[in-house]
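The following pair of complexes shares a single chain, chain A, combined with chain B in the former and chain C in the latter.
Here is the complex of A and B:
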């Protein structure tokens, strides 16, 4: 595909978010969602490999089905309540249907099966966009749907998601599947945060994006798709390996890094709202997922692989050092956030 | 007057502390000697001025919020007398260790340890604040550990030192209970405020008695005392005369106003002392190691001191501490002389006939044993006889009193046996042993302590008399009871020697092995009990919990179950979109039904 057309798709994806955020009617919300999806699909199949095309088709089918459910929900709502404003919902089927369609689009746990397959088929960079930017439209709708009943459902799914994401990654040796499960687990935290407070959810999402981008980028540079390749990364490209290792520690939520503060924030707010069960479930899920995060970090930062000769010493490239510095500092921004977060009003 | 005496006593203590840093051991000995003489002068001044009062000097050391730790110095008749006795005895022991340890390359350090040991004990005795008491108490414990394990290459010495530390730790629990209770209940953590409180408390008294049990090796916590014989003889001499073991008795004496408030506590202390003195005397009968015989006799005398506290005459207990210091230090020196002469042979079955080889040492052994037995007008008589008398006229039951009398008579039995096997009879040692006593550093201390053992009683009884009004008229038999039982013991000792050493053929020796194995206490407490605990720990804690349930259910079990779960979850990733959509729709329908129903 010609690279000159990609700005058009990017523009469409951006305007889809604008459309969603500025509309008050569900039809236009639906339109925005579809615009974002359709603009993204050509980018998924950028290199035209068979795996990518298969993943793209799967993504399209699932998204189309979710869009159908969304539309159906909107119709149900209009026909039963005669209310078309999204923010004036009371609990009914239409609203629940719309919420489930958004959950399908995001890939929260009972509807998450496609995420792993799609991410496994894609290259790292489209995968990164899929797991970060493409969540924005869905989340923007979701935060408007939180009511008492929906909140309970979302909390249960969120906790389940954190746990499921941890368990799914335990036996994985494929890096992209690991990242997909990690994303599912983080989505669980994110949704729980959204239930407690919109700003909290946004905060968690921003933290997740900031700390997962370097991981994706450097895995792309390393071109590792399997754990065995990761094992050799410290020799072939120590800078990238260190960034990936630190990034995984941060994703795991270990204290000096930024990932910890997002999780801490969510836990604090959950406990302040007396949602102890949800908090415990999230923590247990994080503990399970810690296993594979630590395994990857260990392979990236501690083990020296067997290949000692015939490696291209790409770490000699000067820009890598500054990039590394910037990204590690970004990950360590958590240290600066300590004061601000600990003084948050309860 | 007492103010000046107290100041000078404190100054002498500080000067000795300075001399600990001196390079030559002779200077330390001189410092201790002159301090002793100066304190003798101070004691004379105090006695002559007849001011039976005390001086308290307080120095606020650390201020902690509303509380302060203070070093406070208590100078009264006990402190002053003990300073004189301890300094005099330690001076002689230091001189003796120049002789005994002359081939030891680290003899200078050894003498410094002895000096530090003494200073810790003097700090303990002169303590008014409990903080200083604790420093002295723990200082004595640490120095005893270092000195008992002086020959650290020997495993027995290390074991003995560890035993001393462990048994004293048990006692220290009691001390800590006492300290904490008084910290919470007194105004400034001193003896004065505790006396002023005028209150009996079970925790306080149990803590004090437990602490005294550990330090003074009373029955139950006694095994470390004979084991401590692994240390060099000067250490045994110092440990058993004026430091360490009498610290517990001294603590009881300081706390006696509180203990004597309650008749049950008093009876408990009495029984503890009685049982200790009897048990140790029985064990001393069949020991063959010369130092062990003397060690058990120390334990027995300590029991007698505790008995005296329990019967309500703590002044006599203190008098016995002072008298005991002279002759017990001397007895150990005599054994040290023999052991040295026999090239480190301690078994009394290989001694004998030393009266001719070493007349001075043997005479001193005789005088010391006579004083220990309470022969009239020697040092031991003036403390032991009034104690027995006080026990006789107390309202304890006659069984307890009878046991004390039996123990007293056993003193004579083991002393006579020791003398017969060592000094008397025929020589059983190897020929060509370099047995002689041509050393000034051996004979000098022996002579000086010998004078002490003879005259100290006459001097000290002048001012260390009980406060209680004593009964002036006593039946003839009760008045002479102590001497009578001792005489009977002396006669019995001949039979004991015959039974143990000269009898032909087989005798029934079951009770003898009880004595020789010191009541099987060490076997039960050091072998069987640890084995029981080890077995329990091995079977239940280790095998069942640590390696069993805790391991298999939590880490291993969780791991297995999570692995199963993870496998199942991975099974769901079939990569078939139709399946995914079917599952999603199914869940969607179920959720909608659930919401409709609720």
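Here is the complex of A and C:
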């Protein structure tokens, strides 16, 4: 495919978000979602390998089905007053349908099965855009839907996602599958944050994006798809492996890294609203997922065979060196930064 | 107090950029220089004697801060021999790890806000994990590190939830205030209290949650063992004392269960120590036994209990760290930690046998050592809680004496094992280590008022 066509797709994806955020009628929201999906599909299948095409087709089917459910939900919402027996728990049936379609689009439990296979099939950079940018349209709709009535369902799904993302990643050694499960877990935290407030959800999302982009980019640079390759690249490019290791620990939410701040915020706000069960469930999920984050960071930082020696440190110079240094510093000191900013705003 | 933490930031940076010929000296001497501002914090007031923004210092904080700062140069001195053959870069990371760890510990002890304490508490986990898993010697270090991380995290994530809940109810987590969020009669207080306390019980460790400690100690290099036994366990005790400000007397009933478990832990750990074959494992289990009395003291909720726990923590930190460094001195020569393979050491290394003797005697709480005073004060508090605890505590004290003497006797006396070649003489570095550990402990005998 010609590389000159990708700005068109990028423009379409950007305008889809603009469309969603600025439209007042749900048909245009649906239009924006569809535009975003359709513009993204060719970028997924860029390299035409069969694995990528298969992943793209899976992604397309899921997103199309979700869009259809969205449209149906919108129709139900604008038609007569369709009240179901569950309306005291979940509100308007149309709203429920739209919410479920967004859950399907984002990849939250119980409609999350596609995320792992799709991200595994794709290369790192399209996978990164899938897990970070393509959440923005869905989240924009989600934060408008959250209300007192469907907050509980979202919280349950969020807690289940945190748990499932933890459990599912335990047996994985493929890095992309690990990142997919980590994304599901983080999405659970994110959605729980959205239940409490839009600002919290957006802050967590920005934090997640800022933390996961270096991890994806550096795994792409190192070209590591399997855990053993990460371990081996510790010798050839130790500091890039270190960024991946530190990035994973940051994603795990361990202090003193910046990723802790997201968990801190979400837990504070959940407890402010007395949602203790949700907080406990999310924490259990975080604990389970800690295992595979720790395993990856072991591979990057801790394990060294007796014969391996340091190669010459050419990584210290140039653009790459300063980028690496900047990213590690960001992770380490970011907690001070965001803590300071948040305390200033109180 | 910010100057103290900034000093550690500066030390990390100095170690990172200095010449590789001097990096060990920079770490050691820099660490030693940083003791001076810490000693400057020591003020004989009982209550909060210094406040500076996010940090505060009262007698508990300062005692443990000085302990952790004191241990940094000792850790570096102890580990410079076995790191000699590593690549220079990794030596630098090693030193940086330890300095960062000590900086985090100082931040934890001087924090005036419980959330800052939590963050610093958690951030000491990672450097310790690096020390254990990266620089440990056997293949079991992987499991040891995983156990260490997971035991601690399972405790500390509920602690985060409970602390944030407390923040929501009372609006502040500052230690300067005494506050109780939940009123006395409600049932939720038990879970809340448990959530706060489990993290520290795992760290201390309490008998039921102690499984990570022997693994971590055996697999860790000497620096890891010293910092674990010397300071990290005390984080648990300190945290428990601080968190108990939140509850007042409302959680004393729940504390009794923990107290009972701790008393049983004293006896069972004493018994296990008598059957250990690994020297480091013996000292590790003895740590569990000593910390059990700390738990007992804190859980009574009395002033004597807290004081006894504090004295015990300082005393145990110094003595246990000394024992580990002595065991390491032997391990570097004989490459064995087995008690059967390390007999007759007093014949081989008589002068360091003095350090072995003093530290073993202090470990068994011989008067006039400060260990005895700590045990005595804590025992009085536990006796006040229940008369029948005397049976447990006395049996525990007897077993402690038993295994300390056993360790000393098995390692020092008896026939020297044949077949060891190249047992080079004890270096002045190792004599210095023994001295620097034991001198503060002996000085404190004469000025125990520093800690009351």
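Assume the second predicted complex is superposed on the first by the 312 of 346 C-alpha atoms of A that agree within 3 Å, B and C clash if a C-alpha of one lies under 4 Å from a C-alpha of the other, contacts with A are read in each partner's own complex, and residues count from 1 in each chain.
Quick note on the criterion: contacts are C-beta pairs under 8 Å (C-beta built on N, C-alpha and C of every residue); 3 or more make two chains touch, one makes a residue touch a chain.
Keep in mind the model is a prediction, meaning the values are calculated, not measured.
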{"item": "Partner chain(s) touched by A:179 [first = chain B, second = chain C, both, neither]", "value": "neither"}
{"item": "Touching partner for A:249 - first (chain B), second (chain C), both, neither", "value": "second"}
{"item": "First (chain B), second (chain C), both or neither touched by A:111", "value": "first"}
{"item": "First (chain B), second (chain C), both or neither touched by A:145", "value": "neither"}
{"item": "Chain B versus chain C as contact partner of A:164, first or second or both or neither", "value": "first"}
{"item": "Chain B versus chain C as contact partner of A:69, first or second or both or neither", "value": "first"}
{"item": "Touching partner for A:61 - first (chain B), second (chain C), both, neither", "value": "first"}
{"item": "Contacts of A:267 with chain B and chain C, given as first, second, both or neither", "value": "second"}
{"item": "Which of chain B and chain C A:100 touches, first, second, both or neither", "value": "first"}
{"item": "Common ground on chain A, meaning residues reached by chain C in one complex and by chain B in the other", "value": "none"}
{"item": "Residue numbers on chain B that touch chain A, as the complex places them", "value": "562-563, 565-567, 569-570, 572-573, 575, 577, 579-581, 583-584, 587-588, 591-592, 595-596"}
{"item": "Residues of chain A that touch chain B when the two form their complex", "value": "58, 61-62, 65, 69, 93, 96-97, 100, 104, 110-111, 113-114, 116-117, 149, 153, 164, 167-172, 288"}
{"item": "List of chain A residues in touch with chain C within their complex", "value": "249, 254-256, 260, 263-264, 267-268, 271-272, 274, 276, 279-280, 283, 286-287, 290-291, 294, 298, 301-304, 309-310, 313, 335"}
{"item": "Chain C residues touching chain A - in the complex, by the definition given at the top", "value": "87, 89-90, 104, 118-120, 122-123, 125-126, 129-130, 133-134, 142, 145-146, 149-150, 153-154, 157-158, 160-161, 164-165, 167-168"}
